[in-house]
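Questions regarding the structure given below will be posed in turn.
In this document, chain identifiers A, B, C and D correspond to the written order of the chains, with residue numbering beginning at 1 in each.
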């Protein structure tokens, strides 16, 4: 990983930089698995290595792949980075050692999650319990953040170059059609794979209680199915299958489902986001609550990823000449 | 009406008037009627307060709590009473004069002029009635800001530059020194109320008191103590009624009034005298008196000369305050009134001359007395009052100031006062005298046109000059009478000032 | 209104209405919804403030999970006060926004604008009331991301680079914050602010905690634009849509300062870091630099929005200066200036927005003749300007008074002198604009400039009126600020 | 001198963080800055996850066969943080696209130059 980090600084070919950053994310995901953070690894692989890399590539396609050499020296930056790094290393000196089971973080707050979540919340996956219930409000915030980003992307680049877009989209499709007709195997394979991916997404969605997974990962996987569809069959075709209003509605719906569950708890006599009061006994309540909010998360995340990807993809130039003209 | 109500109404009425003036803007006659009516009513309200104050009562009122423990509060004591009477009375006179001047001079934006004038008067009354230093400072700054549009009335490049000087010096000194001193006082004593005998007794070392006093005196830029006097000549670009407002009615008087008030009610004359923190300021004041007089002699522009005369006269009052004896403070207080009537007369005359003859330079005014005898006579009387000759009111204040210097055992300042009177004679009297006795500079229209080239810039030939509009003359007549009356009846003024220095 | 759920509703209401706005196709319904919601939030915030003033700190456990296991809202005086400032400015700028947005943003993007606005509001409110360090980060990001979008919605292309720069700097700030929180968590095992406060003294001497404090401070200083970490701010304010500038200038940096107060005093209060670790001295020097450098730079600006943005940097300096003294009066000076500056800068930026609407420019030259052409707007500008200078009877005076008093109380009279000197600079830059407005004639090609519409003038004058009213009657606001300061120092009610 | 190997893991993370941080502040290419930001954030995530690790523990999914689990709280936090990170990345990239559209460049130096020329 260190090698990649250094390589990133030196490299001027942005395409390679982005690929390296994707690999970096994958490596990080691998590390997470080693360090028992399977949920996180799952997410990092899907998001950091997957979505983020795709987005960066799309951007590169729009902006050019070669970095120009910088003229000014970076002594100041080096100084800042050195000082910051040194401060951090200095700070590590009093830290508990890596993996030390006696570290304070393992003895305050967390024991209750480990010991009581099974009968307080239910799911054996403690990450899910904490994420969805104990710290459910953070997750609501998280969904809001992704909602913000998606709406922000629409607001920013949703409608630029509209004058050219008709012509543009048509040509884009032509090109895809040309490419794809020559690769029938790929097309057939894709058609087979996509339903499988979607099924897997649903599994991850509803299996989050017991194993790694949950709304967020499921949403990303679901979105990647649609993105794949778009890549193989053309953005326009995919857009016809999943029109903009649908994704936009999905974006809103997920957030509302989540917050609505919170309000329901409030109406039923608990505090905001108290699921225990949703059903006759608290375990069922927690179960239903978590189920609904995870579904909300999944919907918003899937819609957001699709929105972001398609919004970027719509801008992709058909051929190099097109790019020069812009 | 209780004196408290009268006091509050007196401050509120000019503001109401300002709104009325703004509304009546499109109809000049109505607008000016509103002005005059408000001014008269305000004066009458202020007079309502007088008897109880003269009898020793101190009407009080508290409005808002501006900061915890610090309210906007009012309390009328004799010094403030004097200032309020002068300001509100002269407002009437100035309004009468303004009507003549502004119309005669075809000024623009007259509505704005009358509106801000009324606001300025309201803040002057606020200063007069302020019950603590915070309230005073509040109205002090409101006065600065509300007079800014008046100073820059013409909106020319020159007016802008002067406005910048005006605002820069007044806001700068008040924020940098005065506010600093006020907050310092507050942290030292925990109060800012004006109290007989001062509030600083036993709260600060001699050094601190000296520094604080200097901060106050220089922080009150409106008192125009050198070197913070530049704003006053700069403000001369304003129309003449504004100059009258600045010099006689509100602004500079607010300055010296504040100096006196701080001396008497924040420090207490006894404390200041024992500590001796004000001694070097006496010399600064004396220097200002002399230097400003000398500068005045060199000015050919009439308004500029009068401006420097004002700077010099203001330092009489600052000197009176810094001498911190009973007599000097009495003299200083009385000089506020005496100088007000004298100087406003002179400015009215200068404005009348400008309206009637379009002359601004003294050297052009030779022989003007023949065309404008009334104006020039009034100018003479005003000058005599400033010089301090009988039968004008100016005599008394100088008299008590000199007494105060003797009481402090400082002959030097008696000398300064004498010297200054001589200088006054030198720079003021030649104007009316030459006006009456010298030959007019322009050749008769019948004469050959040889000199015309020299006077191409003088817009009006001498023979076309008549007296100024009637409204101007009425105003001048009132202030001249005032100067004379104050010679014969200074007692009420004197009694009020006695209450200030010996409250019990 | 005494429902126990007010605190959470205040935040969740704008958050939940944002998705509704997002699916709308037109600006007007979105605006109407947002208007109702922001004003409701404002009312809720006021109710919460009254409740806090009457009954003390409110603790609300979200999901009924007691802290530190769950996330709690812990609202004391300063938090409630912040919520009132944020929601109040939000409500007013939303009322102001309709015409301004109609003028500056294309019809298709308007619902999205209101979506972002509501999210930003929800984020800032969430920060003000939360009692959890990580939840604070999440809401910080909600407000930040939406601010980036809001800024970049402007038509000027420089808004894009400004937003980008803000995004980079803001994310670095947030990441620093998260590193700090991580280190704190590592040493204490908790994320709850109150719990942290209780557990920090045990480990206060360790190098890890020291570094954590450093990272938290630097990260937040980036967000609050403390000199020299301010470089993102001037352009972001200058080129954002008028309403966005009003809202962000009056709330975003203020909330960041609030977070700094929380960290320095609530979390590290018992460890007394501000004295022990010289953080106070460093902050003081930076604050003074900000006051002078930014004011000087402001004088030379030709773009009035940029000018005011630099003035904001200087004003942030005043706030931090008060905080750095770490005395009751000093902190209350910082807090009261948060409120006061929000009011006056809100009024000023609203006035500039009106000018932009009518003249299409915010250059100083564009103000020529507006004293006559737009008298109401310019009068509000003058009131705001006088307040910046600190003329009495305006809120600026109250702030300055308290700050100087704080300086004198600690015996630091040179500091008092510097504060006064720096406010002279404010005279110069404010008057530069005022002079042009009143002394230069309206250019002939702008003959048709009219007064701004009523819907913009009213909120503007509401703020201008507030800056006069609270300048005369500051007992209430200053009282709250003092109690809040006392509470932060651990000896309050 | 004894080198504390128990902290070695953290030191590597610090180096990674700083590499990302350096790319953000020193590089002139707007896309590369975003990549740097990504690296910076991912490194912070690794740091968080590292501190949740318990030697000999396993993933925090309750089961009867396991007694020692790693700390789940950092995992939760980082799940949230990853989302925040990708949201920021998406927005940043969208901005880059718009900047490219408006200026025709994604190099900071060039854009600064254009802006100076524009000073309206």
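The rule is short, and it goes like this: a residue touches a chain if its C-beta (ideal position, glycine included) is under 8 Å from a C-beta of that chain, and two chains touch if they have at least 3 such contacts.
The shown structure was predicted, so the numbers you read here are calculated from the model rather than taken from an experiment.
For the remaining chains, with chain C not counted, the touching-connected groups are A, D | B. When the interfaces A-C and A-D are ranked by how many C-beta pairs touch across them, A-D comes first.
The most distant chain from chain B is A, comparing centres defined as mean Cα coordinates. Put simply, the C-alpha centre of chain A and that of chain B have 75 angstrom between them. Each chain gets a centre from the mean of its Cα atoms; for chain A and chain C, those two points are 31 Å apart.
Chain A and chain D have centres, each the mean of its CA atoms, that are 14 Å apart.
The centroid of the Cα atoms in chain C and the matching centroid in chain D are 28 Å apart. Of all residues in chain B, none touches two or more other chains.
Residue positions 134, 138, 141, 145, 148-149, 152, 179, 185-186, 191 of chain C are each in touch with at least two other chains.
For chain A, the set of residues touching two or more other chains reads 88, 92-93, 95, 103, 105-106, 109-110, 113, 135, 138, 141-142, 145, 148-149, 152, 156. Two chains count as a pair here when they touch; such pairs are A-C, A-D, B-C, C-D. Chain D makes touch with chain C in their complex at residues 17, 21, 24-25, 30, 33, 37, 40-41, 44, 47-48, 51, 73-74, 77, 80-81, 84, 87-88, 91-92, 95-96, 98-99, 102-103, 111, 115, 118, 120. Contacts from chain C toward chain D in the complex involve residues 134, 137-138, 141, 145, 148-149, 152, 157-158, 160-161, 163-164, 167-168, 171-172, 175, 178-179, 182, 185-186, 191, 361, 363. Contact residues on chain A toward chain C in their complex (touch as defined above): 87-88, 90-96, 103-110, 112-113, 133-138, 140-142, 144-145, 147-149, 151-152, 154-156, 159, 248-249, 251-253, 255-256, 259-260, 262-263, 265-266, 270-276. On chain A, the positions that touch chain D within their shared complex are 1-2, 5-6, 8-9, 14, 17-18, 21, 24-25, 28, 31-32, 35-40, 43-44, 47-48, 51-52, 55-56, 58-60, 62-64, 67-68, 70-72, 74, 77-78, 80-82, 84-85, 88-89, 92-93, 95, 97-101, 103, 105-106, 109-110, 113-114, 117-118, 124-127, 130-131, 135, 138-139, 141-142, 145-146, 148-150, 152-153, 156-157, 160-161, 210-212, 216, 301, 308, 311-312, 315, 326. Of all residues in chain C, only 4-5, 8-9, 12, 15-16, 18-20, 22-23, 60-65, 68-71, 108-109, 112-113, 115-116, 119, 122, 126, 132, 134-135, 138-139, 141-142, 145-146, 148-149, 152-153, 179, 183, 185-191, 195, 199, 206-212, 214-215 touch chain A in the complex they form.
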